[in-house]
Every structure is written in structure tokens, then in C-alpha cells.
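Chains: A, B, C and D, in written order; residue numbering restarts at 1 for each.
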Amino acid sequence: MLGTGLRDVAAPFLPRPFSIGAREDDGRLGFLVRVFGAGTRRLSAVKPGDELLVLGPLGRPFTLLDEQSAVCLAGGVGLAPFLFVGAEARRAGREVRIVYGERSGDRVFDPKLIRRITGIDPDIRTEDGSLGRAGLVIDDLDLGDRPQLLACGPDRMLRACADLALRHGLPLQVSVEEHMGCGVGTCQGCVVLSAGGEWIKSCTEGPVFDAGELAWRT
Amino acid sequence: MLGTGLRDVAAPFLPRPFSIGAREDDGRLGFLVRVFGAGTRRLSAVKPGDELLVLGPLGRPFTLLDEQSAVCLAGGVGLAPFLFVGAEARRAGREVRIVYGERSGDRVFDPKLIRRITGIDPDIRTEDGSLGRAGLVIDDLDLGDRPQLLACGPDRMLRACADLALRHGLPLQVSVEEHMGCGVGTCQGCVVLSAGGEWIKSCTEGPVFDAGELAWRT
Amino acid sequence: MADLSQHLLGADFQSPVLLASGTCGYGEEYAGLIPLDQIGGLVTKAVSVEPRPGNPPHRVAETPGGMINAIGLQNVGLERFRAEKLPWLRKNLRSARVLINVVGHSAEDYGSVVSGLDEDDGFLGYEINVSCPNVKDGTFFGTDPSALSSLVAGLRSRTERPLVVKLTPNVPDIGLYARICEDAGADGLSAINTFPGMLVDVEARRPVIGNVSGGVSGPAIFPMGVYLTWRAAEAVSIPVIGIGGIRSGNDALQYILAGASLVQVGTALFVDPSAPVQVLEEIEEYMERHGIERLADLVGALTIPDRD
Amino acid sequence: MADLSQHLLGADFQSPVLLASGTCGYGEEYAGLIPLDQIGGLVTKAVSVEPRPGNPPHRVAETPGGMINAIGLQNVGLERFRAEKLPWLRKNLRSARVLINVVGHSAEDYGSVVSGLDEDDGFLGYEINVSCPNVKDGTFFGTDPSALSSLVAGLRSRTERPLVVKLTPNVPDIGLYARICEDAGADGLSAINTFPGMLVDVEARRPVIGNVSGGVSGPAIFPMGVYLTWRAAEAVSIPVIGIGGIRSGNDALQYILAGASLVQVGTALFVDPSAPVQVLEEIEEYMERHGIERLADLVGALTIPDRD
């Protein structure tokens, strides 16, 4: 969670959840923030030297399974956690692919930077075909080595990934997005529906779930 | 009135009234802002190129009387309007004195800058004597030429000025300070008590009043 | 071109954005700053039978995301309003609609203002203020069901002009009061007035506001205003005017989708006098983007999920 | 050294700052972030007889200067609370005081929770929540004078422990409800709970909140909370706990000067979990600067100007 602190009661009042995008050896953290509404606009106005309140790391992260390759399916700013996953995988000597989709080429996060952080050349898709391959992250995937799938992106993309995983019988982890209050499990604000029909907290029990743990409402 | 606009709904939400401190020939305006609370803190964070909402000039300014010299009595940031008055007087070839008091020397606005803006060497007083003469703006004034008095500063200073003016039979204009809403006379928020016992609007009928127009409650 | 006009209270409003009572004086003061005759209209500062002196300062102060005011309904009184203020409105507002905000200590007071104005030209109707938290008996009519009912019925018998009742947010069930007004003959409702609030100067250990407490307005009350407008609009079939914390087209659209036929902009004027024009432009932009031809199609057009 | 302790509800509170119900879970979740045993205490999430599943998402959203929540009182229910949550509180909070927030559909429900817990250790007393805007019957007891009176009297007969009633802000005269609680045997009052509010997603033309409406909290409601605390404290002689939008020592002091004996910090915890400690330090700094030895000397120490 990132915020600008108690004294800055503006429209962006609550901290917002963010994935850790990078961890430098000297302890600095990197976040990939896409300006969307009031909260991210406020955060993007932060200058070097300004103080931010950071509460974290929180919740359950993506986990790489032993003895299996991994394909990260990133929709838009859903790329953020995979920068971290990619860099950690490199440290651990594991092989990971990143398939990264955006609506159009002008929204694509610099592939050179992705490479520098993770050592991975992303497989880029755009819906309008203006950069990389035309199409969605789930189109024309090479799943020959039966990899585990990790997905982060908009709801309808996660659904499509769940279908894909089901069809191919592949394990899938998804990172879900829900409005958060506290980020630490006290407020019960961030719930998603479990496969068993219960509301479960995405801040502590997630945000990453095995696809099978969740109810995929249609 | 200065504000940071509709989208910046923070604790500093309402615009605050400010005196025009300087007017450049190219049309730029200067404001002297002392950081006091949330509103001035927000304004002081403004960077070159940022947009401010300016509504003004509003209300009744200080007026120099013909055929009479003038002494400006400035308490703290009450100096601001006298930078403007001083500069205008110089343009008009009029002679004006500025007596400027602060609690202590570290709070004094740079006398060289006052000189540059107004052409006047201010007579500086500090309560603790750490700069200029020790004492208040009303102490040891040379009123031999029976000048008109102009005063801007905290309430208790204005009261002392009113006493002084009364004792010496000198005309006094004071700039009063009251919380404002609209600044243009619609909200009735900014009233002060008139000598006749009515609430009158300081944004349109003031903020500068002849001392005799006001009720000086004790 | 999106059609932003609305027909209600027996009149055409060229735009759904009005200026709220108490924040635009009697119009004149904002004339140079706001193109008054291009907006939907304005509601005057409250008018009472006798002039009221108002409360001691401070009368306004800032609160988190809003402000508190305790003006005390300072106003020039019925006679000077008729002589000095109404002529200006009559002359200068030709397309914008004027509602006169009316206040009183007793039902008789309210009646005298309405009867005293009814023959004059230059305004459409009345907004009956039964909800001012800044005078001692200000919310009595707004919170007492039988007093409210007989006040509205009494005024109904005195005028054929549109009667809009401005509701107080300070009740457990605003729908009840909305229905009382409708049943007693009101033509419309305004929701909402301010919430009572207070600030303390901890250094002086005194209330910041001269009148001790005042009414809280501005963005801080926005979600309450949307909720209460929704509840009021659900309860009645007369039109509701949405008020509280509006400063953007998105804000106004939230009220309209929740059931407001018109909206009023108040505190935001102090922050930026161009607020009403901005709100209007943003509504227009939304309608064009969504291909909505008539604003009326958006009123109450909210999908409420099934609840058990 | 300023003495920040307070004696009330038959107990010593080492500090006047408590954590508000629903914003600190059952304590455990914040244990690593807040030095719980150094603050005044905490109020648990509401406990009902049966577990409640709660409302669909979104359950929280931001509003100008505040937030809206519609959790729907999701909680583990009486039995799991006794088995899983209370033991942790008993073990870990030795100097901080625990109040259990109680909620129910009927007077019988409330009674069952109180009777079911009364023999257990690990808490001081109850905060009776008659003011939750997020469940259908949540504010019924808080707005109906006779239901409130018999609810409180009924609970009084079931327990000797301190009974604090948490008032709803949604009434024309909070003093009336405060007196009803006092007369029925309450030992203290909490003021206030959230204000009903609503947000609309104008693109989807749906309410943002799954439950349509929810409760507004945070700085936006601060001036209302101070006012209602003042009014409640004026009306009764039992202690009042001030709640609503507190995020600094200055905020807390405004409540205390208006008559609050203790305060609760809620939404501010989400913005910064160190809020309660900061509030405490700032109160201490104020007392030292003003040479005030006992916090109790500040409670209600507001000079109200003469009014006619």
C-alpha cells in the first residue's frame, strides 16, 4: 500500500494497493504506477525526496512451482508483479516467459526496461496490432511444455485465462483486484467470492489465488 | 483570492484572501505568503508553471489622501499590501513611510527586497529587539507632519493603532482580517461590526475601512 | 447536440445546473463572473419577512473537504428584497429560472413572504427552507411531520406558483418527509441542506464559529447528498433537485442517475466561480460520448442490483 | 509529565485514544503494527449471535475526504468469537481496555450476545451498536425512542459490566436519544457511527457499492462528529466517547473540549496505522505546552459565548 499520509486529506485519501515491481539490492523498492484516477494522479505527482507511506509487503504472492516452467500473462499495468517475479526467477536461475498485452502500442511499458529488470524479452501483444503481435495475451500461446500460468490484469482477461487453463489442464494463479481499506485483514473491505461461496479477503488470503479457489461468476 | 482549484479538494479547500504585493509592468502579480496553516502550506508548495486560480482584485484598497504624507504600519505579513502601496506611491511621486514590525528578526522580510519593490527603506521594529528597533510599530513614531496612517496586522495591533490615531487626531485606514467564503459579497461570511452596530462585509465594503467606520470592541 | 434542457415545475430549464441558495446572493454579485443567463437558474439567499442581522463572526471556516457556515440567514427582508433585488433579477435573468428561498420563524412568517411576493414578476417559484441549522428554530418544520405537512398545505393555498421544499438531511428516513411534502401539495423537493457541524479552536478553547455550530457543505457531504436524493426520489413522483458537494460533471451525473431532475452547485462556486459552467460542459461531454440525446433519459437511470 | 489517563466506566484507561469498531478487526491483525497494549484500548468488530456473511463487493470506496463502507457486519459470530478471538485479546491486551461491539436483528439477539459473553474474561464491557447503516434493520433501534429504551433496559438487566451505547448521527436531536440511553441504564455513549452515503459509477450506471449504500466515515464527517458529541455530552452526565474523522491530536482535542472523555480513531488507521500513537503524542505535547496536568481537566472545557 502506498499513500501520502494523514495530513494530505485530498480526494485521494485512502492508500491504494500496488504490486512491488522491483527490489534493488540496496533495499530500494520500485513501483509501476499507471495514472488512472485521483489516487494514481496524486502518487504520480510525488517528487524525489517526498515521503510516502508504504505498508507492506502484504498478502500472498505468486509462487513458482518446482520442476515446471512458467508463463506470466500480463494485462496492462498487470505487468507490475511480473517484473518482480521475473527478476526473482532470474536470481533463482529459473526460466520464465512474460506475455504482455495492451490496448495499443503507445501504452506499452518500455520492453528494454522490462529486459533490464527481469532479463526477459517480453512477448508483446496489442489489441490494435500497433506494436508486437496483434491480439490478446491468450492467443497463440505455446503451451507445449505444459507450463504453470500466472495471470494479472483486468477481470475479463482473468476469466479468459481461467478458461484457457481449464481447457489445457494447466495450473493457474491469478492476482485479483478489489477495493481495499486497511490492506491487513481488519476491515473486510476487499472480499472476493470463493469457490465454496464465501467472501474471502483478498488482502490477506490473496491477492494471488489458485484459480480453483475462486468462484468464476459469469 | 488564491486557490488551487476544484480538483484539489484537500484540507485547504477554500481559496484564501491575499493582498496583491506587487504588480510588474508586464502584468505579473506578486503575493507575499507567510506559511501559517493548511492553506498557506498548500500554496507554498506551488511550483513555477503550476496553475493557480486568482479571483481579483477585490474590495476596497488603501487610498492615499492628497496633500498629506502617509505612514504605513505593518505588523508581520500585514506588510504585503504596503509593498503595493509603496510601489504605487513611488509611481505617483508620493512620499510614504513604512514602519514594519515582527516578533523577532528571523521573521523579517528582506529589507533589501522591500526597498527594491517600493523604493522605501522600512523602519523595522522587533519585539525582542533582535533586528531594527526594539518595540512595536506604534512606539516612538514621528508624527510631526500629521500624516495619514494606514495599518495592516493582527487585531490587537489595529486596536493600538486606532488608539494612537484617536489620541493624535490623525486619519487612519485599517485592513481587517476575517474568514472569507466567496470574496465577492454573496455569502455574507466575512462580516465585521460597523460603528453603527451592523454586520458589514469586509470583502466588498472592506477589507480597508476608515477606523471610524468600525466598532472597536474591547 | 445533446439536449440538456429539462421541463419541470411547469417551466423549461435550459440547463440542469442551478446555483444554490446562500452561495450566489441575489445573483447580482456574480453577474460579472458567471454567465448567469446561460445556466439553468439560481436560488436566492433566504428571504424572511423582516430583515435579519445574522450571526457574529466567524461565520465560515474550512473543514476537511468542505466548509461550515453560520450566516444566520442575514438578509434584507421582504420589502427591500422586492424593492432592490427582485428588479435586478427580473431585468437580467430572462432565460435562467429564479427560485426564491423562503424562511420564517412561524408558518405565518412563511406565508407572509409568499403572499408578499406572489404578485411580482421575475421569478418562477419558491424553495421553502425548512432545514437551516443555523437559526434556533430553523429545522423545526423540517423534522416535525405534522408541522411540515400543515406548513406546506398552508403555502399551497396561497400560491399557484411552483413550491419546492428543501429537505433537511438530519432525519432517519428522508422518504417519509418527502412523501409528506408531496401529499401536502409540493411541486418538487430539494435535497439537501447542510449538516450541523462544529469546530473548536483548541488554543482559545472556544468554538471557531461565532454561533458555536453551523452547517457543513461541500464535497465532504457529497455521498450523503447522493444517497438522500436517491431515497427522496424513490419515495415520491414529484421532481427532486439534487444538492450537496457538486463540483464536476461526474458529481452532477451521480445525482441525476440517482433520481435528480436538476442539480444545484453551492460551495464549489467559492472555490471556482466557473464551476457551474464546467459542470455543464462535462455533462454534455458525457452525453455525447454515450450517445444520449436527452438529459431526461438519464434521470433515475440507475441499475440497482437485486438484493434480498 | 502530563497525565493522560482517564477513569471512567469503572476502569482506568491509560490513554484516551481507542481504536474504533470495525477498523481494527479483533486486534490481532494490527498487533505487529500498533503497540496495542500502550493505547487506551480497542472496540472489536461487531459480534452477532450467528456468523454473518456480509455484503457483496465493492464494500469500500473513497469519497471526498473520507470513505464509504458497506461491510454488512461480516463477523464470525458469538461462538467463534469466544473460541478464537477473545482468547487472543485476553492474552495480549493487559493494560488496554477492550469493548465488544454488539449487534443484532432483535432485542433478543443483542441479549444473547451479552449473556453469552458475560462470564468470560478479557474485556471490560460492551459497545451496543444501534446505528449501523449497512444492514437492513441496523438503525432501527437507534432511531426509535421506545425500542431503544427497552433494548438498553433489557441489556442492563443482563449484565453488570459497562454498557456503552453507540448513537446514530441520523436524528434531528441526538440529545433526546442520549438521555433515553442514560435513563435506561447505560454507563456511557459513543458518538458517532457513520452517515449513510452512496456513490454512482456513471460509466456503468450502477452504484459503486455492492450494497447500494454504505456508511461514510473519515475526516469528511469530523465537524459533524464534534457537534454531535457536544450535543450528547451536554444532554447527559454519563461519559461520552467521541468518534468521527479523528486523525491528529488537534482533532482529538476538539472532541475532548466539546465533552468527550475518550476518543476513537477509525478510518485514519487505514491511512496510517501509526495514527493513534501520533494522536496521543500530539495531545501530550499540547498539554505540556499549556501546562495542563490532567487530561480530565480538558473534558468539556470549552467556553461557549453568550447567545440570546
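Just so we're on the same page, contacts are C-beta pairs under 8 Å (C-beta built on N, C-alpha and C of every residue); 3 or more make two chains touch, one makes a residue touch a chain.
From a predicted model like this one, the values you see are computed outputs, not experimental measurements.
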Contact-graph distance - origin subunit B, target subunit C: 1
Chain whose mean Cα position lies farthest from subunit C: A
Centre-of-Cα separation between subunit C and subunit A, whole angstrom: 46
Separation of subunit C from subunit D, taking each centre as the mean of its C-alpha atoms, in whole Å: 33
Subunit A-subunit D separation of Cα centroids, rounded to whole Å: 36
Residues of subunit C engaged with two or more neighbouring chains: 56, 64-66, 218-219
Contacts with 2+ other chains: residues of subunit A: 7, 9-11
Subunit D residues touching subunit A - in the complex, by the definition given at the top: 22-25, 29-30, 33, 45, 53-54, 56-62, 64-67, 69, 71, 74, 218-219, 247-248, 268-273, 275, 278
In the complex with subunit C, residue positions of subunit B that touch it: 3, 5-7, 9-15, 38-39, 53, 55, 178-193, 198-199, 204
Interface residues, subunit C side, partner subunit D - complex: 56, 63-66, 68, 139, 143, 168, 170-173, 195-200, 202, 204-207, 210-213, 216, 218-224, 226-228, 230, 245, 250, 253-254, 257-258, 286, 301-305, 307
